[in-house]
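Below, chain A partners chain B and then partners chain C, in two separate complexes.
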Partner chain A sequence: MSLRMIYIASNTFREAVRDRVLYNLIAFALLLSGAAVFVGQISIDIERLVVINLGLTAVSLFGIVIAIFIGIGLVSKEIEKRTLYTVLSRPVRRWEFIVGKFLGLAGTLVVNTFFMAIGVFGALLYVSHKFSAADALILVALYFIILEFLIICSLALFFSSFSSPLLSAVFAFSLFVIGSFADDLRGFAALTHGVTRWFATAAAYLVPNFSALNVISAVAHQQPLAGRLILQNSLYALFYTAMALSSAVLIFERRNLK
Partner chain B sequence: MAAIEILGLEKTYMVGFWRKRPKRALQPLHLTVEEGEIFGFLGPNGAGKTTTLKMLMGLVFPTAGTARILGHEWSDPEVKAQIGFLPEQPYFYDYLTAHELLEYYAQLSGVPGKERKRRVEEVLQRAGLTDIKGVQLRKFSKGMLQRAGIAQAILHNPKLVFFDEPMSGLDPLGRREVRDLMEQLKQEGKTVFFSTHILSDAEALCDRVAIIYKGELRGVGAVADLTSTVQGKVEVIWQGTRIPASMKALGAECHVTGDTVRAVLPENQQDAAIDSLRRERIRLIAITPLRTSLEAYFVEKLQHSQTTAGKIS
Partner chain C sequence: MTATRRTTTIAFVCLALSMVACVFLLRHMDQIGPQATIEDALYINSPRMIKRASLGFEGVMACIYWTRTVQYFGHRHFNAAHTYNELAPLLEITTALDPQLLPAYQFGASFLAPAPPNGAGEPERAIQLMEYGIKNNPSNWQLYYDLGFVYYTEVKDYKKASQIFAQGSKVPNAHPVMKVLAAQMAEHAGEFSTARLLWSATYDSSRDPDIRKSALEHLRAIRVDEDVTHLQSAVTVFGKRNGRLPSSIGELALAAHLPGIPADPDGHPYRLTPEGHVEVENPDDFKFLTKGMPPGYKPPALPQLHVEHNQ
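After this line comes the complex of A and B, so read on.
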């Protein structure tokens, strides 16, 4: 990995911190502590279930919103404000810029998720008074959520390499919604025939399969997760992210910065 | 070795939404800039100066042609470690301080870690940015941003510096300081290529200039040659407001300004004019061969282009 990518990534992280992106943690903390106190008062025996479901869903949604709204501006904002001119007039390759930006945003989301995870475990301790061995599965769910962020970041970056921020946000958010129902889409494709089947199957495999990455409910219900799933999801996320980033690089390498 | 060799670079953009049509921003351009010179790239707004600079920086891709910078292809990223670039009306990461910005750019330019702090302080000093520690760039005035832009362009001690409208946004004192800085860069053996439409700056600074208009190169040469003696005329200046009849008889065009008279007359009448002033006991201040200004040359080139275009159409 080139040092220049690391410098670009750390500057992207610094930008997110200075633009007060991590302030979302305050909203998250308020939401989670409020929910923990509230659930502790009204639920009987399902406090743990509710806190894990609510906590992990909030981690996922907060992160997705940050990934999309920062991701779509990573390239377009730099072009629009012309800050890119003094970066690319240095010995920086365009692909280094794209990958560096991606790593910076991914790093921001990992740090954000780390603090949120502390919040989730804190809330869980508050309602359950102790941790059980099954709670370790929350870490797997958090890992899958981070994989989800990597895919969304790379998609937002991909759209931002050729489209306006607004359209990029629409595209990325649409893909997130469709991808969350990827399993249903595959099921639908299996029920159809002819050209429709062909198109539905292509669409089902083209959109990111976020439903496979969502194990929040299973973790909340303490259902075991297959070790193979972790490997499959890791490889899938790695492949999808690499493809989206490579496409972003291919487009950006040819783009005139007018 | 030439610092810059532009070999037929041209750029055509496709414009329009539905029906795309070509718009030529730069006609094939051939230009050579020698090492160690200050070269002015002159032209009115929209002439193609910035497009040329952006192509040399790899920000915009040429439709045809190529260029060599310090002996390397323009597209070679490694050559960029040896060049500095100030874009027109620069804008930077406004959440950073000038020190942080320059530290970041020093990292990207490959300045060794041990040297970074010293280089940053040095170029901030040279660009006239002092007492700005801890101040974010979002609080900088336009002139201060321009100075920060100049600092980042020379930060990594480049051999060749490109400035796009470097005087823009600066007050007269700031312009003077930038002119001095450019002269210092030349004395250090660096090549300076700068675009401007402020001709007095170009005339005061440049060894050679090129004039570009509507994407086409209209003229190139040494400033001294372009502003050479005009039609064998001399300018005679004397004290007072009186214009002797004998001077008029020599065909002098006289203008009174304050308590001096400025007369322009044919060079072969110079001795007669001196004799005339001596006879009239008038105090002579100066006699100088009349030279055309760069501005006059520039206007002539542009007018010539317009006339030619008019005739063609």
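After this line comes the complex of A and C, so read on.
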């Protein structure tokens, strides 16, 4: 990794953590984790379950919102403020700029997830009074949530490399929704025939598969997760992120910035 | 006072007054139409639709729907309602969203099965719910226990209850009482000893204080029912032998060679009416009593929520 990329990443990180919206979103996620304690009290026998389900869902949803809303502005803001020209006039390659931006945002999201996770574990400790060995599974669910963020972040950056911020947000959020139905899409594709089948299958494999990364419910029920799933999800997220970033670099390299 | 300060003060006063007015109006509107609540409204009643709309976050949706079910049942139960139209759909949605949510089956069945006002009076739906639960959690013996319980207490199908307990006893790590229950149910289904065994098992296998309290209440009521049954038989025997009814519970105890004046679990002696009925001193102290109550006795108007379930 070049030093230039590290500078861009650290600047992106610094810029992101200065954004007040970020703190509001983290505060909301923590509030929701805390609210889980009260929800558990007005229900029956699901105190622990609701803390994990609601807490991790809050981490996931607010993280995705942060990833999309910061990710879409990474390139467009630089163009709008004309700082991109200053950066690119230095010995910085365009791909380094894109990858640096991605790393900066990814770092921000990991740090955010860390703080939100503290909220979830705090609420869990309040409800259960102690941690059990099965609670370690929550760390796996959090790891998968981070993988989800990496994919969303790379997609937001990809759309941001050629589109306006508003459209990028719409595209990225739509892909998140479609990706949640990835399993169903592959099922639908299997039901079709001929050319339609080819197109449907291609589309089904092209959208990100978020359903495999969502293990919140299984973790809440303390169901063990296969080591193979962790490995496969890690590799999938790595390759999908690489795919989206490569596409972003390809477009950005050819983009006329005049 | 500067212009800015004056504006701030006026705005603050306006804000406070508006807030108070809003709260006052809302409270007034609630009093006008107490029936205008969303309690009975289930805008989407398709479990599949809700599952799709949850975008993969089925776990949290299941928790929300389960909480809504508890609140729905709680409110209607508190108001001694006789209809629970949305209870079964709410439980179906909850369990479709999360088929592993065991409390929804265990408590849900005890909400659905009992007759109103203690429940929805839908034992068939309770059985369907439990069967769905067993299908999705075949290794959980407690679900068999709860299903057998519904067959025993609500449907009074003792043969089926025995079969269910026997099936449950074959599940790995099943509680040993399941085998005993299966045998007891087959031979002595309607007897007090069977009911006592069931509630003792519930008391022993649960850690929930409310459930243990409920089991104890049932055990106390069973003890009174059994006492009243025995004493009533003694009254009949006395009448046949002497051609008259005993004049007091003391005379009955003496004639029946009882060790002392028979008393309920709280220590209050049973009463004998001039018509020869054995009655308990304070029926309100025994919530699940079926015998020994004065003629025309009605339980307290607002029955307390007692969930009959084991963990």
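Here are some notes:
In this section, the second predicted complex is superposed on the first by the 243 of 258 C-alpha atoms of A that agree within 3 Å, B and C clash if a C-alpha of one lies under 4 Å from a C-alpha of the other, contacts with A are read in each partner's own complex, and residues count from 1 in each chain.
We adopt the following convention: a residue touches a chain if its C-beta (ideal position, glycine included) is under 8 Å from a C-beta of that chain, and two chains touch if they have at least 3 such contacts.
Because the structure is a prediction, the values reported are computed rather than measured.
After overlaying the two complexes on the shared chain, residue contacts for A:R82 are found with chain B alone; chain C is out of touch. In the superposition on chain A, no contact is made by A:R186 with either chain B or chain C.
Once the two complexes are overlaid on the shared chain, A:R197 sits clear of chain B and of chain C alike. Once chain A of one complex is fitted onto chain A of the other, the partner contacts of A:H221 are limited to chain C, with no touch recorded for chain B. In the superposed model, A:L49 lies in contact with chain C only, and not with chain B. Common to the chain B and chain C interfaces on chain A is no residue. Those residues of chain B lying in contact with chain A across their complex are 13, 54, 57-61, 77-78, 80-81, 83-85, 87, 89-93, 95-96, 104-105, 107-110, 149, 152, 156. If you check the complex, the residues on chain C that touch chain A are 52, 55-60, 62-64, 66-67, 70-71, 98, 100-103, 106-107, 208, 307, 311. Against chain B, the residues of chain A that register as touching in their complex are 3-4, 7-8, 11, 14-15, 18-19, 81-93, 254, 256-258.
By the touch criterion stated above, chain A contacts chain C in their complex at residues 39, 42-46, 49-50, 52-54, 57, 60-61, 177, 180-181, 210-211, 214, 216-217, 220-221, 223.
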